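A, B, C and D are the chain letters, set down in written order, and residue numbers restart from 1 in every chain.
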Amino acid sequence: MHAVDGVTLEVEKGSIQGLIGPNGAGKTTLVNVITGYVPFQAGKAWLEDDQLTGLPAHRIAGLGVARTFQNIRLFKDLSAVENVIVGMHSRRRDDTLAQLGTLPFFRRDQRARFNEAHRLMETAGLDPGEVGKRAAGTLPYGDQRRLEIARALALQPRLLILDEPAAGMNPSEKQGIRELIERLNKDGLTILLIDHDMQLVMGVCDRVAVLNFGRKIADGTPEQVSTNAAVIKAYLGTGSERQASSAPGATGVEAVAAEEAQAKAGSKPAAEPANSILDVHELSVSYGSVNAVRAASLRVAAGEVVALIGANGAGKTTILSALSGLIRPASGTAVFDGLDLTTAKASAIVRHGLVHVPEGREILGRQTVLENLELATWARRDRAAAATQIAAVMRRFPILGERRRMRAGTLSGGEAQMLAIARGLLGKPRLLLLDEPSLGLAPQMVDEVFAAIKEIHDDGTTILLVEQNALRALAIADRAYVLETGRILLTGSGDDLLHNPAVRRAYLGG
Amino acid sequence: MGQQILNAIFIGSIYALFAVGYTLVFGVLDILNLAHSAVFTLGAAVTYTLVVNHGQSFWLACVVGILVAALMGLVIEYVCLRPLRRRRAPPIAALISTIGLALIIIAAIEQGRPGTLFAWLWVDGANPVTMPPGTFPNPTWHVAGLTLEGSKLAVIPISVVLMLVLGYVMRFTQVGRALRAVAENPRAARLMGIDVDRMIALTLIISSALGGLAGILFGVALGDISPYIGRDSVEVRGLAVIVLGGMGSIPGAVLGGYLLGLIEVLAVVLLGSNVRAGVAFAALFLMLVLRPQGFFGAQLREKV
Amino acid sequence: MRRLRLGSVLVAAIIAAACGSAGGGGTNGNSYAGKTIKLGAVLSITGAGGVYGPQSRDGMNLAVEQINKAGGVNGAQISLIVADDASLQAQSAQVAQTMIQSDQDLALLGPTLSNSAVAVHPLAENQKIPILAVSTTGINIVPNCNFPSTVACRYVFRDSLGEETAIPDNIQSYASDAHPATGVLLVAQDDKFSSDGGKIVQATVSKYNINLLKTISFGKNEADLSPYVTTAVGLHPDVIFITSLGGIPAKIMIEARKQGWQGQFLGGNGFNTATVSKNAGAAGMGARSASAWYLGNSFPSNAEFVTAFKTAYGHDPDQFAAQGYTGINVIADAAKRANLTFSDLAGDRDKLRAAMETVNIQSPLGPFQFTSTHDVKQTVWVIKMDGAGGFTLVHEIKPS
Amino acid sequence: MDFFIQLFSDPVAFWQSHTLLVSQIGINSILASSMFVVLYSGQLSLAAPGFMAIGAYTSVLMDLNLHTPLAVDFAAGTALAGVVGALVGLPVLRLRGVFLAIATIGFIEALSLGVILNLPITGEGLGLRNIDADPVGGVYIVLISLAVAVFLLWRLTKGRLGYAWTAIRQDELAARSQGIDVARYKLIAFVISALLAGYAGAAESHLYFILDPNEYGVPRTVQVLTFAVLGGSGNVLGPVVGALFLTTFPFVFKQAGDYIGVVSGAVLIAIIIFRPQGIVGRGGFAVVRPRWWPHPQLRAPSTG
């Protein structure tokens, strides 16, 4: 299977090139290939007239290709300044002997480096005086992103690759990043920008390339791309023409407020059920200094399908993880059918009938499909029933029946997703948490997955669905919550939200 | 030569039995449990003390010895490992804490003399002792120039059967699957309702019980029980074995055990002198440089 | 230990009072009343030498208590500190250094193993403090402790029977009894005591035209000796010579008997302790070695020593206990005649050294004197294991 | 306690009566520092005793046979250790974590098999008698070289090299993205560590009248690792503190008597559990640091 397949991409010197595409489209893989983390299978890459093909990562960096990472990779225990100084490595003369002698010019250089580091942090919009001495890992999320950029700038790169610099940021932070990018570009830096936030990408990029399933499906000015039907299809999923006509436009930030109002007006007050099986109240979760979920409240009644939608980093997955006991919330309550989820052990939660099918499936690649299924019945006491259900499941997903003796690691993405869902079912759930079940799947697979979900629901299982294919999710959802940067932005019935522009904004940025 | 092959198979079984427990813990936790060889010694010591100083029957003593070893497994988990897991400490910290426990166990046995704190555990100090003859049936046959000694012969089927059972459990039972799940992806395991902590505790119990049993078999069959049998016979060799077989691989550990036994005896027969322990390591060193994943270590990549 | 010690004190008191032997009752004019003579013993309580060390310690403690109860050395009480060197060379040296420098001891005893002696004795010589070896029997212990340098060490003495005497005597006595034709030598190569023994065996056998078929060496930390024994037994020798330490001889005997070998075991000082005889059990029956001491020997002071020891510790003493006991008495006697000042340590150490050269006392080892090379001249007892943890006498060889 | 009483009441007498202890602390500190270098660059190498042996035997043999001045002996021993370090490092450094650890153990054992135990010139396992040893006077050399070593390391960790090492230790991937040649800097660290160990070996060999082969085995490497990890391997001072603490421990707690082993084992566990990052390091000395003291950069415990 090809993560990236025959992609040609030219970045014009001094320009900002955008690279977009739905999750799993292969954007990050492409970057990893360019920067030498993943070996080329075929093809070549040049930076101006330097060959990059086949060089080790550190050489490529030395040639002036700086990058940031999608999941921030700072040296967490070094201070912010030190992080930036590490970035100067490749263009810094080897001063080992000088240090040993603590020669004066070493001290001078050291001071010079500190000053430069401070300058770079200022460029990246950090206040060195304030954050300079703090350990990088303890900085707020936004600052960590900026620091990573400052560190990248320390290489004095010819090309700067930003991998989702704005992920999980709130509008004002995003605005800051946008200005930063534009400023860097004005100083003549060439930038390759990867981000989910259309509004950002469309706003700053001179040209935008679109990847889907490892292939380039469009390349051109933001206008051309944003009106390209293939792109819209790739993004909002395989909906009917009606949705396709409402293209993801580059609505300016100034429009945000207006849309906010429009959204509130457009959506009826959330018709939350009185008697709920799951009741989450003011739930807040934070990773260190990052507040991933801020006082989110939601309820699910028995028999419902409730969708939880929102852009990347909005906190959807975090909420699910908190519910299934993988992480402990900072505050708030979450009760499932009398069981306090904020304190119960993960194993107890499963036994109580709340089963979480995680993002990225997390199937056990080293065990066979059958073993995966049998293990899924771990929490159950009714062995016989479990056995029959395994058979039933394999009938429902014939592909699993065929492959039962194969190592799960060899399954394709779609098959793996089926396995993950089947595993969830075998846990005998009364409430099933599905996280991004269609992630990176081909359209026909997506159809199958949703068919399966519908079936499961018809069998009377309550479902809380996190899905970035909003149209598909809303289509089968009784109700939905729209999440933005850890907050519940609005809620309402599926149909209602389908037509709500705020949803589009939540997805395509703002 | 035939006799030498027997020697090799015998000591190989001991190595294998010991290493299986060793590698099991590494496979599940990615941690080297350096207290394992101390548990080996403890098993033998407890059994001897029960028989000789407390006049218990040999068979009862063996059972208790294994139980004590298993219990020590729990101690390792609750004292050395779990607190560090809770604090997300690096694996190297666990290395140190298990060293500490090993130190305690060995010192306790070493200092056990009449009238000391640990007299209940051991009274012979640093002295090596042997099971008094007659405490257990030990028929010896002389067949075709070979000496077949009951206690040594018994070791072979016992360890083979146990290792087969363990292999079966790991491969075909729900618990085995759960253990492998914890080893591969604890997060996924938790999502399936598996209590990871309990599984880890179970791992250490099994591992330590096997280690203790290996110690008992070694001490009884070789007529050598002392505070140092663990250190001298298996502590470092155990590492060699589990690497030869590929870290975390049970069949690998078994094969590695027998292989090491064979290499060593051949070294004695062919090269003479005291190159025994060294030869194995020369081989090990080469193999790590040439084929780091060992024979069965397909999963090395994930492990590192 | 404590409990036993208390018991022993009383008994020791009675005995010492009854017959003021073993260094008791001052004959010398000068008085050390109120002073303390600090001695340090470096012994292997744990590790390979743990088989011997505790015996020496018990013997020493017994002697100290008897002497102190009997009024001490010209009124001075002896305080003995025993430190464990875990049978490791480096640790041995560190322990000794602490005793010399920080404890400010007058003299040292030990260490248990020849392997450690090569680390400790040169140190003592270098620091000019008398040291009395009570169990080290390897080659070049005395007088040339700085081997290969041939300068005789002035501060190093020994009251234990060197393998250079023990092994040849043993072989000779057995050869004259049984005229064996072939032998195999099993030696722990990486231990000084053992490998020295091995060298001596190799040098001696030809004298009694025994054909040494093979020398099989192994590491002293080997746990499983079966392969070596199998090789040895495979050669069907009349004699198996074992020169090694601690539990090893017993393990070899057991394994060899199991494999159906019927010949004779010969060895050295490594055999001469109860533990070895006990562990070997029936397998060890008849195994011969030459010893510096024998439980039933007829020397007057031996009987007292044995009774006192049994009352104190509840079991028979062995060669190492006897040598340790003698060692303390030797130093006590020297100290008595040395006119110590108790103010100038270096001077006292020299005086003691000089006095030790002229020691002449009755001891469980017999009438005790040092040779000009600071070695011991004494009766040698060829003994064999009785298969039940004890030894029986074969020959008594008077000093030539 | 009288240990401290003397230390403070009569330092002169204390110094005179503990010179060998002090030198041993010095040696152990240098060894710990050599362990520190590799840990600091994110590698768990246990080869130190091997390089010690090289340094020790080389210097003593030169001293005894060629009668070259001490300085030359030391230099030769150290240099040879460095060269061997480079040769061993090249193939071995591909390995990570436990595998590197075990490969380096293999190196130690292979070395003792090939060189220490079976060559006439090295005494065939009986060790070498070094009649020129100076147990008391050696202390000054040791302390001076320790000071120098620590100072140099401290400088190194502050400069380009140190930043590279820290980057590698914390996140190899990110380090590469900053243009750091991971393989190269790992090797540099490995060789420096070899040099330090070699020097320590040479120095130690001139404190004792005997080179004890047993000092260059696995137990020693475990001991040194414990120094470094317990002291805190994120800071140059950590390993020195660790060595100081653990080396003096038995002297300080004389009243533990025979139970010293048990006690120190318990202490080991306690410390590592409550301070997984080591005694020195985050929140370690910060606790006792006076207000006017300059605030240190935060450093991570090495995960080896």
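Definition applied: a contact is a pair of C-beta atoms (placed from the backbone, for glycine too) under 8 Å apart; a residue touches a chain by one contact, two chains touch by 3 or more.
Keep in mind that what you see is a predicted model, and the values were worked out from it rather than measured.
Interface comparison, B-D versus A-D: the higher count of C-beta contacts falls to B-D. Ranked by how far their CA centres sit from the centre of chain D, the chains are topped by A. One inter-chain figure worth recording: chain B and chain D are separated by 30 Å, centre to centre, where each centre is the mean of the chain's CA atoms.
As a whole-number value, the distance joining the C-alpha centres of chain A and chain B reads 45 Å.
Centre to centre, using the average C-alpha position, chain C and chain D are separated by 37 Å. Multi-chain contact residues of chain D (touching two or more other chains): 117, 125, 258. For chain B, the set of residues touching two or more other chains reads 110-111, 116, 273-274, 277.
Those residues of chain C in touch with two or more other chains are numbered 45, 189-190, 219. Across the whole structure, chains are in contact as follows: A-B, A-D, B-C, B-D, C-D.
Note for the complex: chain A touches chain D at residues 35-37, 56-59, 61-62, 66-67, 69, 73-79, 82, 85-87, 89-90, 92, 94-96, 98-100, 102, 106, 133, 135, 151, 154-155.
Touching chain D in their complex are the following residues of chain C: 45, 84, 88-90, 93-94, 97-98, 101-102, 104, 115, 118-119, 122-123, 126-127, 146-149, 189-192, 195, 219.
Against chain B, the residues of chain D that register as touching in their complex are 44, 91-92, 94-99, 101-103, 105-110, 112-114, 117-118, 125, 218, 222, 225-226, 229-230, 258-262, 264-269, 272-273, 276-277, 301-304. Interface of chain A with chain B (complex): residues 324-326, 345-347, 349-351, 355-358, 362-367, 371, 374-376, 378-379, 423, 427. Chain D contributes residues 16-21, 24, 117, 124-127, 129, 131, 133, 135-136, 208-210, 212-215, 251, 258 to its touches with chain C in the complex.
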